[in-house]
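Pasting a structure below so you can have a look.
All chains are identified by letter, namely A, B, C and D, in their written order; residue positions are counted from 1 within each chain.
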C-alpha cells in the first residue's frame, strides 16, 4: 500500500469529502473524520518526505506512462511543500471545531469541513502533480472551495470579497489555461518534465514568451503579487478565523511553489532569468509590496486585515529571495515559505481565539484584553516577535539569509529596505500590543474569559514550533540550502 | 431524377418560407404577429426542408434520423411558441389591435 | 505575410472574443454581467484550444473504417473538462450574487462599495 | 457572428437580453466546434452553455433584477488593460504553428498514440472517451470533484433544499393549473423522451459523441422542464433532495471506488487493465463504471443547484453586522 502514498495523499480527503457531505448534519462526526484524515495525511507526507530524500518518486496514474497519462512527481521541493500543507491541516482541523462555533451557522458546519477537505486535497494535488493541465483542474478545486469558505464568514462583506476573489481567481486560472494551451501548441505535450525538455530549443519563440508571461500573471493573481493582491486583504479579513489560518499558511505557499516549479524546472533558468531577466521584476515587485503593504498595514483598524496586508509583504520577501537568484536568497525564500506558515498560523490562530470571545477583531474592541486573556495574547506577542524577526525565532532566520544574500550581491539598499520593513512590522505589532495591554476597555463592564483549551493548545503548538525551528534550525537550513542548490543547478 | 427534382423543389420552397418568416419577424407590427411569423419558420419551412433532404438521402438511417428531427420540431416548436405568447399575455402585453382600439376610443 | 494571416486568422478571432469577454468582466459594474463576461472569456479560450486541435482534412476523432486523418482528440478532452469547470464556477458565482443581493439589496459593484464605506464611517467617528 | 454577439453583450443593459445573447453565443460556438471536428465538445457546449448555464442565470435574474445600471466609472483603464493583453497575445501568435497544419508539434508528439493505438489498447472507437476516461482519467476525476465542490459551495451559501411542510404554501403561480393543458401534456410527452435520450447518450458514449457528463446535463434538463411546467413542489415530490444528495456523493464514490479497486488488484490508481481478465475487458468495465459515476453525480448536482437557486427566492438569511458589541461573554 505504501507505494501508493502519492495518490493516497490526495485521494483520501477526496474520498472522505462526499461522506462528510452526506452526513453534513452531524458536524462532530465530520470533524472527527476530517481530523483523522488530516493526521493520516501528515503521516503519509512525512514518509514521502524521507522517501524523496533518496530520489524522485514517480507515480503513474492509470498505469499510463508519462507524456500520455498523468503522473505524480515528488522531489525534494514538493515533498517539503506537502509536509507544510498537511502539517498545517493537521493542526487547523482540530482547532476548527471550537473556532467555528462562534462564526458559522450550525447548519453549515458539516459543509465547512467538506469544503476544507476538498480545499486540502486541491492544494496537495497542485503541489504533487507533474502535469500542467491537471494542475489547472486541481487549482480550480482548491479555488472553488476557497471561495465558499470565505463566503461562510459572518459579515456580509465576506460575500462581496468572496465574489471579488472569484472573479480575479477565475481570470487568473483562465490566464493559466491560455498559457498551457500555447505551450501545448508549441510542444504537443502537457507533462512538465516533457515540457522542460521540449522548450529548450524554442527559446526565441515569441509564443513561448507570451505563454510565460501569461503564466506568471496567472500565478501572480493567486499569489497576491503586488499589483494583483487586491483580493487578499478583504478575503482574509472577513473569512472565518480557521479558514484564514489555513489559507494564510498554505494557499499562497502553494502558488509560490508553482511559480518556482515553472521558473526553474519547466522554463529553465536560461530562459526565465538569462533571457527574460525575470529576476528584476521579482525584485522590484517584491520590494514594492514589502514597503507598500507594510505601510498600509500600520493604518488598518482591523487586526485580521492588518495581518493580511502583512502577508502581502511577506510574499514580497519570498519573491525578493527568489529574485536575488543565489543560493542564499533561494534558501531564504524556501525557509520563509515554511517559517511564514508557522508565524502566520500562530498569529491568526491567536486572533481566532480572540474572535471567539470578543466576536470580532477590530482594534478598538480588544483594549485591555491582554489581562483578560493572558495566554492568547502571549501567543500573539510571541508570534509577533517572530514576524518582526528577533533572534531565536524563525522569522529571524529567513531574514538573516535574505540579508546575507543581498550582501553577497553587494546590494546595500536592499538590506536597508529589509530593515525598514522590519521596523514597520514592529510598529504595527506594537499597536496591537499597546491596545491589548495598556488601554482600558471603552465599556468597563465587558469581561472576557480566557479562550478554551481546544483553541489554545493548537495555537501554542505552532508558537512552540516557531521557537523550536528558530533555535535549532540546522535541519531546516540544511534542507533548504540543498534544495536551493538543486533548483539553481537544475535548469542549466 | 424525378425524386431529385421534387426534393430540390421542396428544399427551395422551404427556403422561401424561411425567408418570409425572417422578413415577417422584422416587419410585422407587434409581438404576437412576430411570433406568428417565427412559427412559420419553425414548422412549415423546416418541414419542407427536411422532407426534401429525406427524399434526397433515400431510404437510409439518415432519413430516419431526419424524421425524428421533424417529429421533435413539430412537437416542440408550437408548444414553445404557445408558452412564449402565454408569458407575454401574462406579463400584460396586449395585441396591436386591442391597443389600437383603446387609443381610438380615447381619441373619440 | 499572407500565409501567416491565413494561418493565424482563427487564433486572432479567438483572441478578439477573449478580449471582449475580458473587457466585460473588468469594466462592467453589474455582477451578473461580470459572470456572463467571464463565461464569454472562457468560451473563447475553448475556441482557441479547439482550433489547436484541428487538422487539415481531418475528421472527428471516432475511429471508423475508411478514414485515415483524424483531428487531435487531446484538446477536446481538455476542453470538456474546462467546460465543466466553467459551469461549476458560474453556479457558485451566481449563488454568491443571490446572497449579495439579499445582503446588500443591489448587485451593482459601486453600490456595494458605497454600502461598505458607509458601514465603516461610524467607526471612524467613534475614534475621533 | 460571434464577434457581433460578444459586442452586443458589452453594450446591452437589459440583463435578460444579455443572458439570452450568451445562449446564442454558446450555440454559435457549438456550431463552430462541429466545424472544427470537436463533436463531443460541441455537444457539451450546447448542453451547458445554451442549456444549464442559461437556466441558472435566469434563475438568478429572478432575484437579482433584470436591469443593469449604466456603468459609472470611465472605461479607459479596463480598455487599456484589454488592448495591451490582446496585443501581447496577437504578437505571441506570430510564432505559433499555423492553423490546421498536420505538421504542428501539437499533432506530432503525444496525440498520435491516442489516435492510432487507442483502439488496440482500450478497445473503444471514440478516442475522446478513451483519453477522457482512461489516459487522462484523473483529470476527469478532478472535473467531477470540481462539480461536486460547486454543489457543496452552493448548498453552503443558499441552504439545503427541503420540502416545505405545509401544503398551503404551494403558490398559485406555479403548478399544472397555471401552465394549462397544452404545456402539461406537451411536457409529459417530452420528458420520457428526454430521459431516454440521456440514457442513450450515457451508454453510447463509447461509440459516438457523448458520455457521462452530457447525459447528466440532459437528464437534469428533463427535471428543469418538469419543474417549470408542474411547479417546484411537485418536482420535490418526484425526486427528493435528500435522495439527490445521496446520489451526488455516491457518483463520486463510484469513481473513486473504481480507482481503489484497481489499487487493491495491484494496479495503479484508476488502472483499469487489472479490473478484468483481459486488459481490454478491464478498460471497458472501468470506463463504464467511471462514466456512470460522472453521469449520476453531474445529474444530481445540477438538479440540486437548480433547486437551491430557485428556492432561494423565498429563503431569508441572517447576517449579523460586524460591529456587534452586544455579543457578551459566551459560556
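The working rule: a residue touches a chain if its C-beta (ideal position, glycine included) is under 8 Å from a C-beta of that chain, and two chains touch if they have at least 3 such contacts.
Everything numeric here is computed off the predicted structure, so don't read it as measured data.
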From chain B, count the fewest steps through touching chains until chain C is reached. 2
Counting C-beta pairs in contact, pick out the pair of chains that comes out on top. C-D
Note: chain C sits from chain A at a C-alpha centroid distance in Å of 26
CA centre of chain B versus CA centre of chain D: separation in Å? 31
Where the CA atoms of chain C average out and where those of chain D average out, how many Å apart are those spots? 14
Hey, what residues on chain A touch two or more of the other chains? 133, 137, 140, 144, 147-148, 151, 156-157, 178, 184-185, 190, 362
Where in chain C do residues touch two or more other chains at once? 18, 22, 31, 52, 74-75, 78, 81, 85, 88-89, 92, 96-97, 99, 103, 119, 123
If every chain is a node and every touching pair an edge, decide which shape results: line, ring, star, complete or other. other
Can you list every touching chain pair? A-C, A-D, B-D, C-D
What residues on chain A touch chain C, complex-wise? 133, 136-137, 140, 144, 147-148, 151, 156-157, 159-160, 162-163, 166-167, 170-171, 174, 177-178, 181, 184-185, 190, 301, 362, 364
Residues of chain C touching chain A in the complex: 18, 22, 25, 31, 34, 38, 41-42, 45, 48-49, 52, 74-75, 78, 81-82, 85, 88-89, 92-93, 96-97, 99-100, 103-104, 112, 116, 119, 123, 126-127
Which of the residues in chain B come into contact with chain D in the complex? 75-76, 79, 82-83, 86
Chain C residues touching chain D in their complex are 3-4, 6-13, 15-24, 26-33, 35-37, 39-40, 43-44, 46-47, 50-64, 69-81, 83-92, 94-99, 101-103, 107-108, 110, 119, 122-123
Residue ranges of chain D touching chain B (in the complex, touch as defined): 180, 182-183, 186-187, 189-190
